[in-house]
Structure formats: C-alpha cells, structure tokens
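Just below sit the structures, each encoded as structure tokens.
Same chain, two partners: chain A is paired with chain B first, then with chain C.
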Partner chain A sequence: MVSDVLRARVGDLAARVKGEVEESLGVLELTVNYPEAIETLIGARNFADVPCDFLHDLCGMDLEDHFEVVYQLSSLRGPQRLRIIARVERDNPVIDSATRIWKGADFLEREAFDMFGIQFRGHPNLKRIYLWDDFEGYPMRKDYVVESHEQRAIMRVRKEGE
Partner chain B sequence: MTIEGTQEYSINMGPQHPSTHGVFRMVVHLDGEVVTGVEPKIGYLHRGLEKMAESRTYTQFIPYTDRLDYLAGPHNSLGYVQAVEKMMGIELPERAEYLRVIFAELGRIASHLVMIASGSLDICGWTPWSYCFRDRERILDLFEMTAGNRMTPNYFRIGGVSHDVPDEFMPALKSFLDDMPEMLEEYQGIFFGNEIVQSRMKSVGILPKELAENLLITGANLRASGVQYDVRKAEPYSIYDRFDFNVPVLYGCDTYDRHFIRLLEIQESSKILRQALKDIPDGPVMAKVPKVIKPPAGKVYHRVENPKGEMGWYIVSNGTTKPARVRIRTGAFVNVQMLSAIIAGWKIQDLVTIFASMDLVLGEVDK
Partner chain C sequence: MDVKKEKELRDAEVDAEKNILRTSIEKFLNWGRVHSFWPNSFGLACCAIEMASTGGARYDLSRFGYEVFQASPRQADLMIVAGTLTRKMAPVARRIYDQMPEPKWAIAMGNCACSGGPFADSYAVVPGADSIIPIDVYIPGCPPRPEALIYGMLQLKQKIQNPSKVRLIKHGK
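Moving on to the complex of A and B:
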C-alpha cells in the first residue's frame, strides 16, 4: 500500500525532474531521463518523513530502442518503497554514477556495465566484474547472439603476462 | 644481507584456497604481514542465470534458482515463485504456505550451521565443524526424504509445492527440534565459548553501522552491526506475520558478533518451526493454476530474507510464457564489497576470519 505522504512527495519530485509516475502492484514507479537520474535519487533519499534512503537494487534493462537503469529504493526505517527508472539512450549509454550517494552501488553498476555496456560517469573503477576483460559484446543485450557450442568449445588462448 | 624496511607487494589468494569457501580470488596487497588492500575478483562460477531465464519458461526456471545459494536452496526458490505468484495473483492453500516456511527455515538453519562450521575450520577447529555438519545432515535428510535431493530440493512450484511430505517427515522434524536446545548448547561451549575463538575474533574487522548502511550490506551482517532490520518483519511475505519470533541484533560490529548472530538466528528459526509444526493444517498443497504460466504484462519486485542477505527478484513480463527480464539481486554479491572496505590494517590471519564472517556462497555471488 502506498501512503499518501509518499505519493505527494513523489508527485512533487516528478514535477521537478519532469518525470512520469505510475503505480504497479502497490509500488510507485518514477520514470525520468538519464540527465535527471542523480537529482531524482538524491531527492528521493531526502524525502521528508518518508526517506527512500536505501538503494536496494540497481540493474540494467534492454528495451530494444533504449536502455533503462532501474533503481529499487527502500528504507531500513519504514515501509516506503519506490522504483526509479532512468531512460538511457541506446547509441550513447551514459549515466551518472550513484556511487557518490551509496558506496555499495559500486558492484551493482559494474555488473550493469558488464552485462549491458552502460557507462557510469564518475564510477571509481568501471571494469567488467563477471566476464574477463577482453570479452567482446554485452551478453544481456537483446541483440547479443549467443555463440554456438562448436565455437564455445575452442579454448581461449592466454595472452602473454596473464 | 640487510633488510631495509618492508616493501609492498601483492599476492593472489585463491581461486581455490580452502578459506575462500569456493572459487573466489582476491588480490591481497601486503606491507609485511599487514594487509593494505584487497581486490575481490569474482565470476569464476558465473553461469549467466539472468540470461538463461529469458530463454526458459517460468516453470522451467525454478530448478536454477536452487543453485544460487546452494547451501539454502529453498529460500531462493521461495523468492522466485512468490514473485511470479504476485504477478498472477495466485492464492495458496494453507498447507502449502506452512510447508514452504518449514523448508525455508530448515534451509536457513542448514546455511547458518555451515557458516559456523567453516568459520571454525578456518581457524583450524575441526571439532565444531564435525558437530555442525552432523546436525546439518539431519536437515539434508529431511530434504532428501521429501524431494529426493539433499541440497537443491527443487520442491516449490508456482502455486504451491510439488507434493506433500512423507509420513515420517513430521516425526523426524519434531525429534530434530527437540534436540535443538542441546545442539545450541554444544556450539556455545565448543565454539563461541572457546578462548582461541574469542581472542581471534573479538574486536576484529569492525564494520560500523553507518558504513554498513552506505555499503548496502543486508542480512545478518547488517544486524550484527546494530541495525534491527529483517524483511520477514518489515515486509512480511508468505505467512511470516503469523509467527512469533524476534529479530536478533548485536552491537559489536566485529567478526565474533557476525558469527554469534547466526546462532541466535538458528534459535529464532527453530521457534518458527515449532509453531509451524503445531499449526500446520491438512489439505491440498497445490493451488489451481493454469497449465501454461502466462503472467500479465507488468513488473514486480519481490524481496525475501535469504540466509546470506536480502534477495530481490525483479521480474518483467511481456505477457508471453517467457519472462522479458529476470533480475536477481543477491545479498552475498553486494556484501562482498565489505571486504575491501574494512580490511586495511588487519593481518593475513584476520583476513581469513573476516572473510569467513561475511558468509559468502559463491553460487550466489556469481549467479
């Protein structure tokens, strides 16, 4: 259940960052464009009475024509929940990093970079996290072609110094 | 030969070091014996479960979820099947809910026992290890007699559980719970009361409350740093709101407390199990679900309290039989970051106990 206070706060924030508010299965969802992402996150974090100050999850999402970075916000001190979705361009997938707000966003952003190729501006160490450094392509994108068994069976040749 | 001071150097620990609890590699930067920094390198067990989910139907993906945190299989599946049920609006029969809670809590106890056991093994204590594994075996026997598998039971289905438990299950569970107080006393005495354990673990690897919240640490590690937060209480899923149990919290923030809180949680879990055993009704174990699982288009984010931390399932459906996106937020993956944040200044021997206290399982870290 969404409380009226939270609904009002999200409404105010949406007007400020030019976002759209939706509700799905009892959770408010605020969609913004990528330049406003950090302002939105800070705004949600500093809500009066109902601060959404804990970043529960951050993940990428491919919608064919654009990417999304999905932030699941909650709080350790209240029942408030909020989902913030930042639209990212497909040709130029850049968004500001949330590591300045939450240090723990580090690995989550690295994973989104690894799987979707979304660049997080200002991230301290944006490297692949699961896959090896010279892996080509971003496997969670919808247009990624999964290689055949024959191809996969070829052993990767180690580079000198590895 | 003269030694002029010390020199910084880096060594690799893992990916198969016994104290890394799986295929985890860390590059340890050392100044003499003192650790100056750690870079965790993960991905050795990466199976791409999120990608796999997109090419499988909702039902076909259930067995994979068990393999995330393979020490506590049932709770992972619980998060997934509940997320799908939430989308489809399926109501469960009572008995199925109770069986789910029983399995989930048994999994939690098994996972915490492994944590205490391997923690003691890391400081060369063999006896506590054998005690914990002896008792964990009884839980795995319960899984086996019901589902056929010991560690990854694959017992939950969308809309209930696959079949009812056999007749001998409840008596065996009851005798396990009856022996529980004695077991806990044993662990207390042999592990937590041990002088070596206390001197190796107390005041080691302090994770302050503010840092823990900033690092997005969840689960028992957060509760050992003084934050009383548990999804089972904060956002009750399944039927957890019916049971009377406490959320233990400790304020030591150190390695010892991160171990000790697991013992307290075992105690609380057994409390839940006793109540569930008393109240469980008879009846069907499966709701009426359509043959083809096809949730309406939409998004859902469902959180459960896994033994290793909070697990979140973000499922996006486009109205077909296969999900458009399944995102798994695992507690252990985020908790890994704790290591490099608090390690500076401790010695290699402390690195081992601090690592053990984080309670990672690499299946969950690497997905």
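Moving on to the complex of A and C:
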C-alpha cells in the first residue's frame, strides 16, 4: 500500500528529473536515464516526511537493448519503499557511483560491475568481487557464452596475493 | 583344503595361544590407517553442514575412529571435498591436497563435488572435483545424509584394506 504523501513526493521528483512513475508489486518505481540517477537518489533521500534514505539493494539488469541499474530504497524510520531504475546505454555502460551518498553501495556496485560490466564513475575500488581478476567477459549479460566443459575443467593458476 | 594351508592355520592357532599374529607390514599399517582416518575439514558449501552433523553426537563418526577433523592439511590423510568447487577455489583445493602427507585419500561428497551437480553448466564451477584431485570414493546426494558419508568412509576402508581386490575391479587382473 503506497501512501499518498510518498506518491506526491515521487511525482514531484519525477517531474524534476524527467522520469516515469509506475507501480509494481506494491512499490513505486521511478525510471530515469543515467545522467539523472544521482540527482534522483539525493532527491529521494531528502523527501520530507517520507525519506527513502536506506539503500536496500543495488543490482544490474540486462534488457538486451540497454542495461538498467536498480536501486531498492527503504528507510529505517518508516514503511515507505521506493524502487529507482536508471537506464544505462549498452554500448557505453557508465553511470555515476552512489558511494558518495551511501558507503554501503561499494560492494553492491562491484557486484554489478562483475556481472554486467557497468562502470561506476567515482567508485573508490572498482574491481571484480566474486570472480577472479583475469576472468574474461561479464557472465550475466544475455550474450555471454559459457566456456566448454573441457575448458572449465582446466585448473587456472593462482596469482600471488589473490 | 590342501595340506600346506592346513599347516599354516594350525601354526596360526598355536601362535594365537601365545598372543602372536603374523601378517605383512603393509597389511598391518593399512589396518592401522583404516581405523583412524584424520579427515581434513574442507567444507565448501551445504555438504559441510552434513559433514559436521556426521561428527556430532547423533551420528557419531567417532564410533569408527574418524572424528579427528583437522584444520591443517599437514596433519590430515583424508580430504573430504564437501560442496561446490568453484574455479576460483580450485587452485587452493589442489594446494591443500598437495600439502597433505602421503598416504592420502580423497572423497568427493555430494553431487557438486562428483560432477558439478546443478551447477555443471555454470561459468564459475569446476565440473567435478576429479579434474583437480584424484578421488577415491564418490558420494552422490544433495547433500548426502550422514549415513551416506559414513558408508562412503567405510567403502574407503574396504578399498584400502583390499588393494588387490581394487586392482582386480579396476584392471581385471
């Protein structure tokens, strides 16, 4: 159940950042383009009465013609929830990092980089988090082709300091 | 029964009265080894929970003398690969196996360690620990019950105690 106050605040914000508002699974969804992502996040964090100031989760998505970065916001001070979706170009997947707003976005953005190859501008330590450093490709992309069984059975050589 | 065999048995009987048993060194050492495996606790995923449960009071692996789970590979002679072996972990697994002193054995516990299991087609998982480590006993299951692990370890015991039988099954002569 979305409160009217939150709906009004999100509507105002959407008008300011030229975004579209939808409702999905009982949560408001605000879709914006990547240049407006940080402005949108700061706006949502500073909502009067219903601040969405806690970054619950951050993940990437591949929609074949473009990527999306999904921010799940909530708050420790209320039941309000908000989902912000930032569209990213497929050819040049670059978006500003949210680590300036939430320190906790660090590992989440590294995961999105690991799986989808989305570059987060301004991230303090953008490198692979789950996969090994010399892994080639981004496995969660739709066009990723998994190596053959024989190739995966070969043991890779471990690097010093890994 | 031939005369020679009968004589051997009679001699053994006489010795047994004096508390003497005759055997070969290899058989005697193997008899000691199979009654006290020191497994290396190499738990990688949910199978490790079953492995821990096997060592606990309910299933009580110590009945067989196998309860000394060692954190250091240098004090272990059995590696239980319990769980999904990822490609990032594979060099570490091999290194731990190499650090174990001879004689050493390895058990693949669970579908993931046997063949990759549900992750066989994944980009990040080794399809079967046997491409990294020589495996003696495979225990399928997802995860295998503690009884299955105990059965697997007893199968390994049979394997070590009867090397000629294993050779027969493997090579046919």
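Brief remarks follow.
Methods note: the second predicted complex is superposed on the first by the 156 of 162 C-alpha atoms of A that agree within 3 Å, B and C clash if a C-alpha of one lies under 4 Å from a C-alpha of the other, contacts with A are read in each partner's own complex, and residues count from 1 in each chain.
By our rule, contacts are C-beta pairs under 8 Å (C-beta built on N, C-alpha and C of every residue); 3 or more make two chains touch, one makes a residue touch a chain.
Every value quoted in this text rests on a predicted model; they were computed, and no experiment measured them.
Looking at the shared chain after the overlay, A:Met61 reaches chain B, while chain C stays out of its contact range. Between chain B and chain C, more residues of chain A are touched by B. Of the two partner chains, neither chain B nor chain C is touched by A:Val21.
Of the two partner chains placed by superposition, chain B and chain C are both touched by A:Pro139.
Contacts of A:Val2 after superposition: neither chain B nor chain C is touched.
In the superposition on chain A, A:Glu147 makes contact with chain C only, not with chain B. Look at A:Phe107: by the touch rule set out above, it reaches chain B but stays clear of chain C. Looking at the shared chain after the overlay, A:Pro79 reaches chain B, while chain C stays out of its contact range.
Residues 130-132, 139, 146 of chain A contact both chain B in one complex and chain C in the other. Those residues of chain A whose C-beta lies close enough to touch chain B in the complex are 24-25, 27, 29, 54-57, 59, 61-62, 70, 72, 74, 76, 79, 81, 83, 102-108, 111, 115, 129-132, 139-140, 146.
The part of chain B that touches chain A in the complex is made up of residues 42-43, 46, 48, 50-51, 86-87, 211, 213-217, 227, 229, 234-235, 298-301, 303, 310, 312, 314, 316, 325, 327, 329, 333-334, 336-337, 341, 366-367.
Those residues of chain A that touch chain C in the shared complex are 130-132, 139, 144, 146-147, 149, 152-158.
Contact residues of chain C toward chain A in the complex are 87-88, 90-92, 94-95, 120-128, 131-132.
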